[in-house]
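Heads up, the next two complexes both have chain A, just with different partners, chain B and then chain C.
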Partner chain A sequence: MSNSKDNQPPQAPEAETGAETGRAGDDGRGMASEPMKHYVSDAPFDPYTVETLTPEQERYYLAGQWKLMWWKLKRHKLAVASGIILLVMYLSIIFSEMIAPYNMLNRDIKHIYAPPQGIHFVHDGKFVGPFTYALKYRLNPQTLKREYVEDRTKISRVRFFCSGQSYEWLGLIKMNFHLVCPGNGGTMFLLGTDRMGRDMLSRIVIGARISLTIGLIGVSISFLLGIVIGGIAGYYGGWVDNIIQRLIEIMRSFPVLPLWMALAAALPVTWSPLLIYFGITMILGLLDWTGLARAVRSKLLALREEDFATAAQLMGAKPKRIIGRHLLPSFMSHLIASATLAIPTMILGETALSFLGLGLRPPLTSWGVLLAEAQNINVVALYPWLMLPVVPVVITVLAFNFLGDGLRDAADPYK
Partner chain B sequence: MFRYIAHRLLIMIPTMLVISFLVFLIIQLPPGDYLTTLIEELRALGEKPDLARIAEMKKEFGLDQPFIVQYANWVFGMLQGDFGFSFEHELPVQDVVGDRFWLSFIVSVATILFIWIVSFPIAIYSATHQYSWGDHGLTFIGFLGLATPNFLLALVMVYFANEWFGTEIGGLMDEKYVGAGWSWGKFLSVLEHLWIPVVVIGTSGTAAMIRRLRANLLDELQKQYVVTGRAKGLPPAKLLLKYPLRMSLNPFIADIGDILPQVISGAVIVSVVLSLPTTGKMLYEALLSQDMYLAGSFLMFLAFLTVIGVLLSDLALAALDPRIRLAGQATK
Partner chain C sequence: MTVSRVLLLPLLGGVVAATPALSQTYIDAPSLQKLVKKGKLKPLAKRLPETPRVITVAGKGRVAGRHGGTLRTLMARSKDTRIMTVYGYARLVIYTSDYKLVPDIAEKIEVEGGKSFTFHLRKGHRWSTGKPFTARDFEFFWKDVANNKCIYSFGLPNNLLVNGEPPTVEIVDKHTIKYSWSQPNPYFLPALAGPSPLYIYMPFHYLKKFHPKYSKKVAKKWKKSRKKGKLCGKWARKFRKRARQYRFQNVKLPNLQPWVNTTKSPAERFVFRRNPYFHRVDENGRQLPYIDRILLLIADSKIIPAKTGAGESDLQGRYLRFSDFTFLKRSELRRKRFTVRQWQSATGAHVALYPNMNHKDPVWRKLFRDVRFRRALSLAINRREINEIMYYGLAATGANTVMRGSPLFKNAYLTAWSTFDIKKANQLLDEIGLTKRDAQGYRLMPDGRKLEIIVEAASEGTEYSDIMGLVQSTWAKIGVRLFQKSTRREMFRRRVYAGLTHISLWSGLDYANLRADLPPDDLAPTGEIQLQWPKWGLWYESRGRRGEKPTLPKVIRLLELLNSWRKSTDTAERTKIWHEILSIHADQVYTIGVVGGVLQPIVVSNQVRNVPAKGIWSWDPGARFGIYQMDTFWLDRGEKGQRAAKNGKK
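Let's turn to the complex of A and B:
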């Protein structure tokens, strides 16, 4: 029945139509020597043959929006690399204390302003594995700079997966496990020490916890505000929209940093460091929602006119359902991309505020707090490694920018 | 055009009112006021504060009145050119501010000029050599400029300016010109010191501008009229400069509105680092010591500077491209 190679004239109704067309063709050609061989396909007629998809096409066309986004994002190498870097950094903040070779608060008064120590492998022509040389201290009488020289006789081998200085993991569990520790009796200040002899590397690793989360929390706040306020403006339109639009314009036309400074200065000095931390995130988030609100509003206005929104409306869906179920998801990807691009501003904002001494205060450690110690011009001249916390700041901000760019490109997978 | 300008000017009034209210709200936020801080400070030093005098001051400056009354007094005062009294400096605010406002203005304008001059050729190069090594390199440097906190850039630049050129650290002019009247020498000295803050503040704005101009120019270069022009044998330089470039120049003007708040923000923090005699340092100190009228006036100045800048850029844009005004009306 389904054998298509069979050329026998079948009794199916198609046979007649086929025969007719055959004849018509003959007539058109005029004087044919012999009638064309009668051909009728007996395959069942399927009007959808043109639309059948190859498995790959099917996979593509049936894939959801998020899957398409993911495929598109994967092609953006820089964005993927940035995403991986950020993922590693964010994972590391759970285990900061273990990754840091020292306890962040440990003061080594014998090694104040010690420069970054190199890791060596070969001692006296023999391979010993990673080790550090001891540091010998000398005060330069002219510049009053503390100078350290490596004592090439004393070596201390770096230990891995070791027990070192004790700490409280996440402030809860007392532990002393480290991934890397200095050798017994030796030191390992890979990025040098600060004015109290605290290990910079450990402080940077642990400071990441606050610097990285502040962006996330701040963006969540501004995200919430942006969606709600932008949603109201876009949905109700009219005078509500007008007022919100004016407000957004005003807020956008105001230089942010002075406002941040004023708000941060308004935080009571009596607050605990943790409260200050939340205060600062609130401040960063409170002034940043305007961009997102604007995006939400314009998207909502545009999408409201789409056919699927009308369809939902005709089927009797309530506004809340239309917005939440149909409109928001279709530009959530855009919102996530804009949120990603907003995080760097917050990280830089925290850094700037802390640098000025208006942000987080010392018992808390963030990259900004660390950089505040590099405020002095002497530091640049004498102890430049105190400026190293800027490196993770730059890396994070760059990574968020690249990831955000990639996400923004991928956010419209149907293009 | 006249209607448009009038409309924009009218909109400025409620804008400045809302800003002034926000500013006053914020500077009133810290618990207590300058006088309570003063009393506490004196107590901490073991001195006995003159309570009668302080009560008198409180009355004089209306600090005992409710918030709304204080706000109204402040706004009406400002309308009459009276910006209040700085407790810290014991001078009227306008005397404290004086030159600083103009110096801030000069730094901001110079920064925007710098942004234009630098981003213009780089963006053209990047767009015409898309995906070349030069483009990638410049884009990367641009991103780096966006990502580096500018206060740190300021520190490093001051250090190197001092090492290499012997420019003294900080300040916006040679010490001998501080307080002196404007003269050619003072002008040159300002120029000599100006470039560090301008470069530092302008870096991130330049990076943003390059990216936007590049994107615009790329869009423009793909349009059909460019293809037509090329097919008809227009020389490449003319083909680039005559139409697509002119079309993509809009962001140069339009972006002032976006960049100016950034520039002024940047100027504030950089001036703290470089101890420039602009508004930043003083605002910082005023905020810390709750010298509320001084801080408030500074914030208002900055806002005013921004609003005026945005207005000017909008007007320039409307003059350059009549479609923009029409588009603005159409969306209503």
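Let's turn to the complex of A and C:
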């Protein structure tokens, strides 16, 4: 909308203010409180100028709801930035194995608890491009700490678009292509290694796959349940609504974490990690729909009294059609905004469960699993880089919150 | 036990204890002197037995100490008050630091043929309440408690029975008690000297109030409840609860330990005060213990290493693990307030796998009972890698057997079936007939199910699961898939007993310097608690009433060997029996040891004196710090500290 401001005809500002205040109907006529400057126009008088629309105005007034939302969202800088971050993150989970410099499960016994390795560019005063120095390992005999010193004589240049450790892409295709690899014979632990000598960066990158999707899948489940149950409650009202509302109240009065824990502990151990993953998502989704159901119900209660709903009813539409075709679309945008805000809850839920040792199990890796491994004093005091998975968790949760915020503002573009 | 043993015990006692006090003037602790002055406590000479046990503290790096001070130590649960019975280690007989039995609470013990044991008590020995400790307390235990069907509803403790035969107990005089059996009972003295000891005495003067024989009130109530058809009323349960001497939970229960609990459970902070009637003095005549108070501070077990590193514990071993060593050592170097010592942990294996040979499922059971299967599992563990990754290569790798340093140790026991050999392991599994594999290359069981072994462990932290992860990757190479499951301790045991667990992960043999004279019970199916054969153990424990009879010939042989060990009284013969037991274990791989000899960090505050630099961290025999006589530890706070402490008390 900002680009339409430059070449605006005199009437346009009025229309603009009208649009912005969300009262498109009265064309802002009641708003003009200041007297307009007096001038004489040479143009022939055309009594219909007020009613003909400029192309910009036309675009605006004829734009669909989604388009309006998009325009509004675009102006929320933080939300756009968050959206881009999330988009990049979600794209990355498809190519996790290629982005990770190492195979996640690879144990490098010679580099246990290696600290993050720096990337250097200049060696001996000469520019060589990105490279790492080799790490020299020494066991401190007094404290039994594994200490690493950079060996400034041995350099290994970082390779790009290279073949490195083999992996199964998405568990299907055997490949060994990586975006970045350590130099031949060298190491590149950008975020250090853990107690088994596994590269933390690779684990975080691959852990993102589960941590990020668990939110999406969980929210889809709770979305579905919320819409169906909330829709029924809101449309029918009366005793149906009453029962469902009481049920929701009961569910909401449970302390969530213990309930998650109980359900997660009940998942059989023989299940493959993948099944466990779906089990956990189900648990998170099954317990989270109540908020959405409430939102749907209250919106429906209000909307079903509208004229268009009555009209549809009179024309003989079935409840399913009325809810699905007439009522839901009128507040879908709002629902999507609240769903976005629900995703971080899911991600945190998974993190919390895994942190407590009840969620995902190795060899699956999620940020929660990584954090669970970092919960002791030794890590805090000696190997702080193992706590780095906190960073992506915080970034994701914040990004989702900002985006959700922007979406919520944009959801009602006429406001 | 030979006749020479008859002489041996009093003799040894003579060296350490029985010399009638060299210095007739005893030195009381300043904190108690105040009470004596106020008239609240009798003078020390009247509190000590006529012949207190004199401990020569000085020597071997130890020095005689001073009285006073408070020692803090961290524990994880209110239940841990019992650890002070372990650390305190006052028993009728105790082990010295070189694992010899000497009389302690008893002044003298006469043993004849391993069959009869005569205890001579110290005249004038008193309970922590000041009431005399005499043969009456033994009589009360034997007649009114041990043989009371309501209190000991399961019958006598196993250590008091020889082939089901109870002892003959004679109260010879006020200070002499005799326990005798028609056959030797080699368990009796070790049980009395255990960390959780067998008690054959109970404070009569306190407990009689709760016993229907001596209390009319209790008797009346019991009569009432009997009319209702209940054989034993509530009193028995209450009595048992009050009379648990090991637990230190009943604050009013008189005790003989160096420190007694003064805080009711549950609490966050337990104060143990010195027992003013404790029966030991040092060579200078100072009554032991040196330290006035022990504070047990309760904290979450995960926080304990951090708190210890911050200097909140003066003496800590429990709840510290080898993986905490680096952190603790770093705090030591930074703060210089304590030292971290490396004691040897006394487990035969720090971590061992226990295949459940009593599994419910017949197919699994058959597999676990097949020695080739167990051998294959053992061969497919890369112990060196585990050692390198988790223990800096400082642990010992090998099977679950006696620890290096024990006179019974042989290298062959350690190395049997414990080298890393995937080829051999695969060959063994093929031999059993586990040749079918699924699409991913994992083997199938004879009935077509997947060979998926669930290893269960009851532990917090990542140590066990890391080991499992490493084992998992090498077992995959022999086509065995491993899943890990961690459960709570109660659940863990219950599942094993019910035969639901495939393989459990637990620490290995908890034996220190194993001697031929120590019973080999843990190596034969004698208890339900044994994770590799709970039902066979239960069968033995319940004398054939419950559980299942062992069927494997080698296991039956173990029981035979155990019996012949019991009958034998000769150390050489016992050594021979021990070796046969150990070699059966090495060959049959009933338990699969992973690593052993892991070091135990012990944090000792700079003030604390007399804690040995090198020691063995052992439960039985050893009682952790008990064997190193915690009552001889003392706090060296310099002149300033002493004064500050005095002022602080005022």
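We take it that the second predicted complex is superposed on the first by the 359 of 415 C-alpha atoms of A that agree within 3 Å, B and C clash if a C-alpha of one lies under 4 Å from a C-alpha of the other, contacts with A are read in each partner's own complex, and residues count from 1 in each chain.
FYI, contacts are C-beta pairs under 8 Å (C-beta built on N, C-alpha and C of every residue); 3 or more make two chains touch, one makes a residue touch a chain.
Given the structure is predicted, the values throughout are model-derived calculations rather than measurements.
Aligning the two structures on chain A places chain B and chain C in a clash. Of the two partner chains placed by the overlay, neither chain B nor chain C lies in contact with A:Gly238.
Legend: residue contacts after superposition of the two complexes on their common chain; A:Gly185 is shown touching neither chain B nor chain C. Within the superposed three-chain model, A:Pro55 lies out of touch with both chain B and chain C [touch as defined at top]. Of the two partner chains, chain B is the only one that A:Leu263 touches; chain C does not reach it. Contacts of A:Met387 after superposition on the shared chain: chain B is touched, whereas chain C is not. Using the contact criterion defined above for the overlaid structures, shared-chain residue A:Leu371 touches chain B, although it does not reach chain C.
By the touch criterion stated above, A:Lys145 is placed in contact with chain C alone, chain B being left untouched. Between chain B and chain C, B touches the greater number of residues of chain A.
In the superposed model, A:Asn401 lies in contact with chain B only, and not with chain C. Touch criterion met: A:Gly197 reaches chain C, while chain B stays clear of it. Aligning on the C-alpha atoms of chain A brings chain B into conflict with chain C at a single listed stretch, 170-178, out of 62-70, 170-178 or 188-196. Taken together, the two complexes place residues 375, 377, 381 of chain A in contact with chain B and also with chain C.
Touching chain A in their complex are the following residues of chain B: 11, 14-15, 18-19, 22-23, 26-27, 29-31, 143-144, 146-149, 151-152, 155-156, 158-159, 169, 257-258, 260-262, 264-266, 268-269, 272-273, 283-284, 287-288, 295, 298-299, 302-303, 306-307, 310.
Chain contact summary for the complex, chain C toward chain A: residues 302-303, 305-306, 309, 323-327, 329-330, 333, 385, 388-390, 392, 394, 452, 454, 461-462, 465-466, 469-470, 483-486. Here chain A touches chain C in the complex through residues 107, 109, 112, 139, 142-146, 195-197, 269-270, 357, 361-362, 373, 375-378, 381-382, going by the rule given at the top. Those residues of chain A that touch chain B in the complex are listed here as 246-247, 249-250, 252-259, 261-263, 265-266, 268, 344, 348, 351-352, 355-356, 358, 371, 374-375, 377, 379-381, 387, 390, 393-394, 397-398, 401-402.
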